[in-house]
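One structure follows; several queries about it will come next.
Chain IDs A, B, C and D follow the sequence of writing; residue 1 opens each chain.
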């Protein structure tokens, strides 16, 4: 870290900084200029240590110069992380498509959708059993019954399941049914939950918080990684801005930024990041063109009847067309789609 | 809700809307103009119902015209909610001051601070035992040991305790020590947690999420109220904007807006909403002038040594001066400060 | 517009609304429900009229239901606007690439860059002669001398010129040299300037303001269109958000949203929208995949020596590679690049 | 500035930095640590110079450590700037209140309002003759006729006039009528206009741009100061955020931040910063409590009939009450209101 002194800081104040650095086992390097002194401090400078210099006399600002995450950083691991989810690979050269309804609503709805997205070319099925809803009066999901319906859909179609877990004490339960544990945007900084999925050893899809910076997203990934779980995908799902034309603002910059800062796979959710089905295809294509390793897309057989997120769900026919556009874009940048697994023999 | 049809919508599409409203037991009123038709739908129009109209043919937009919260709304309860916390009253004409360190660090630190803020005029003691930290490598709080130190500080000073709870399964534990359960900004939409504190019957301080709208804050309050707990205070603690001169942007407008939309007490946290001790006093005064029912302020006996939030903590002497300024502002608007309870006889 | 009455509004207040609507020559349609009354008002309901209802007794909210722009709207003109700029066509099926340095710095710099981007496949040359700079102490551009150097570069390469104009009284001057007048982000709501370029009949590249909504961008286009100039391109150049990993946040959603709301061509500026050359290629590809009609990209022969925006400028070699990627993406979505004009015979 | 090298930067790259610093007449100080090297560069490091280091090999980041403004900085001038406007003083211990309608609409409207705000205790009259309006179809102000009506109102009441100027070529005209030239939020970075008012020697009220940082506001003030005009007031008028409960978000933090960074007077505009008359009084009081040197408030004799901004205008009676509240708050913090000048003898 760099400790930037006030223009008026005196020698005694500078000496005190150096002395405290010594006491903490850190090395201080002085850069004394005409205007002000800057002190470079080398060693283990975690946030708490930084805070202790910030309030010392004569200090104007303390600037960290290393990123606060290690395990998630590409400096720490230059090669891409790739891992398998029940038969296909995330984070490799080929692009993964996860699709399905916002919520599991009924057996026929989830099984029908699973077949439809599988035929269109999806590699995994999404569907919420436990739903975080802004209103206590909105549909909160089917709970365990929803997990069981997801398991049935997997049995019939062979598609692995991506579903959200909302509380630390539910991680074990959800992990019995899910292939991938999703951490929703509202829970990106729910640390007891990150801790719990970190210990679960199940692959995790970690969604960016509504107004989280990319470094905060990486810090949340670091929580999971540091508890022993290395199979983490990051998901850009739009951020909150002043613009109201769309539900959120897709931060397309996030894709190249994350690909340069971390080795973890990066997924885009164009359904939440736009909030309108009319814009999903354009933004899905953009995501792949920008370098995303996968997409997660809401598909519903009858969006007008959906119990949640109907406005942003694609009908199966449109989704099928989109998969073909995605394949063409993937090819244009020298990638392809993951080859779907064969239908299970029943 | 209002269903605004496309300019091109035809009679058949309009009829379909009316028919579905009928089927759902709702009444539809048509307003047919030169340019387009608007259909007013009356009855129980919760979000899920709204979503079902949104995707019907010919529909341009569905606009809700009632707020999605009831129990939290001033339309529902015109008179202010006020309740007692261990001897003083929140939400009445008099203003409440909660003060203390970000984290409980040691017995001497918390007891010393408790005495100092009590002497300066504070009515309750804040202090974190379980700390949500962005980095897994930062100090995470003393946990149960911290709760016990808070209880000791209460015993010595008589100040009731405000402390954060981060997970639903910890609510019972924290409630054994705390007088007020704090829900932090990162957990404002942690619904299992809101559910759990809703059932606890302990007073709750609910902080606004980093990028939550005021209506979302009220929806989160609604979760707690609808589970049976009516003793909820709302806390503005700054929102995330593009401005980097301060840690957050204090949304001072939130105070009159909340006071007009809800009957619940409104508290301001100028420490988090500015992030710099130099700006805390100005913004604390502004909050009271704008109509806040209380303040929650970080005070630390030695900010330069604090394990968290040192940069935004006041020293006890400055805090004492601020309490006097607050009292003067309160008087100028026809209010006063809550009378502190006497020191307990040991 | 819809006038939503308070739940407590009485008949007299409702009658007053209807009466005022009549007085203004508008028709009012009542939709009286159990909870509240909503009045649909049909006719010419420009903002000023709306404001006059807003403060009437019993009114809760006035909701506009038509967009405030007409000439810019796709409802007004369903087919795409396309027009020619000195030999190539903007707004048609083929994609246009504008490239060049942030500022014109010297004859050799601008002519060298013009040749380089032309060989790489660019269709027009950008370069600033009048530069809006945050600091009065920064390089402010070469002014008229810069315009003359741009004209020389055009003569040598045949590339038409895109350059910024910052004040109404300079429009005539800049139009003598430029093929396209650029309105910068900071001037998107400089109405005297919009008025002036509206009267100039030169093609205009209108950049979105740093925190403008898409509807505000369209309103600014409406200013130009309503003064008689129909040759307007819109340019997404990133918006200001809380995220600091990039200079701005590319609002990729803006592309499909604008394409659905307006018939005007939509251009993306990935250099300003990211602020880092490393991210320019990914975001440029994303823009074309999302449906942009063109790109405007900063290219400098020696970015480390650039007098402005060096950090976001591509070297000519990288730009040449990017043009090939863009061509591949364009083909994948069934479009292509504009065929470059032949080099002028000197 | 500090040049932070990559962890992998080699000695040759470091030497090149030092060499370039030498060539530019700057001194470089090395701070070589275990992880990386940091080079402090002392001397005249304006943005353009900084940009030239940013793209050199091995450089990770260039961090400026001095603020880019000088004349506006409190480091440059520690004592408050105060100046007179036609009989009263801005920037001294006493608080100034500017009030009046958004737009000048008619003789009776502006003269009546001027009398009303004068009687209530206002010190200057605001009113727009040239109005920046989002829509080309909205009322654009009365122009010169409006300026003449303002002059009449001044003659009758003695109140000095604050009115907006929107184009450089109109500065001279507006200055013939106005006592204070207002630069509106949309023009905060209209540099030709800042240049022109900088040369005019008339007092200036500079409004913060809709999404400008405080440092950008100070840079815009620097433009005016550096062209010779030292009589500049800064005005916080709300910033654009995701919150839609109010028209803008009042950045109350801006007041103590500006007071610490600059010596210039700081004014708050609670009418634009909230957009709703119901919230104006609370936020006006907050502004004074936070340390603002003045307020600018919209007052209209009949807001329901106002041609612009009716929703946020106070009626004269409410304004009169507010002035009394402001006086009480001012007294509570040891300040007072400016003593109004006597009514002119006609």
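The rule is simple: a residue touches a chain if its C-beta (ideal position, glycine included) is under 8 Å from a C-beta of that chain, and two chains touch if they have at least 3 such contacts.
None of these values were measured; they are calculated from a predicted model.
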Given over half shared residue numbers means same and under half means different, the chain B/chain D interface is same
Counting C-beta pairs in contact for B-C and for A-C, the higher total belongs to A-C
Max Cα-centre separation from chain A goes to chain D
CA centroids of chain A and chain B: separation to the nearest Å works out as 27
Note: chain C sits from chain A at a C-alpha centroid distance in Å of 31
The distance between the C-alpha centres of chain B and chain C, rounded to whole Å, is 40
Residues in chain D with touches to at least two other chains are numbered 211, 240-242, 244
Residue set of chain C touching chain A in the complex reads 211, 213-215, 239, 241-246, 249-257, 259-260, 273-274, 278-279, 282-283, 285-291, 325, 328-329, 331-333
Residue set of chain C touching chain D in the complex reads 46-48, 51-52, 54-56, 68-69, 132-140, 166-169, 186-187, 189-193, 210-211, 216, 219, 222-223, 226-227, 240, 303-311
So, in the complex, the side of chain B touching chain C is made of residues 2, 4, 7, 27, 29-36, 38, 40, 42-43, 61, 63, 65-66, 75, 211, 240-242, 244
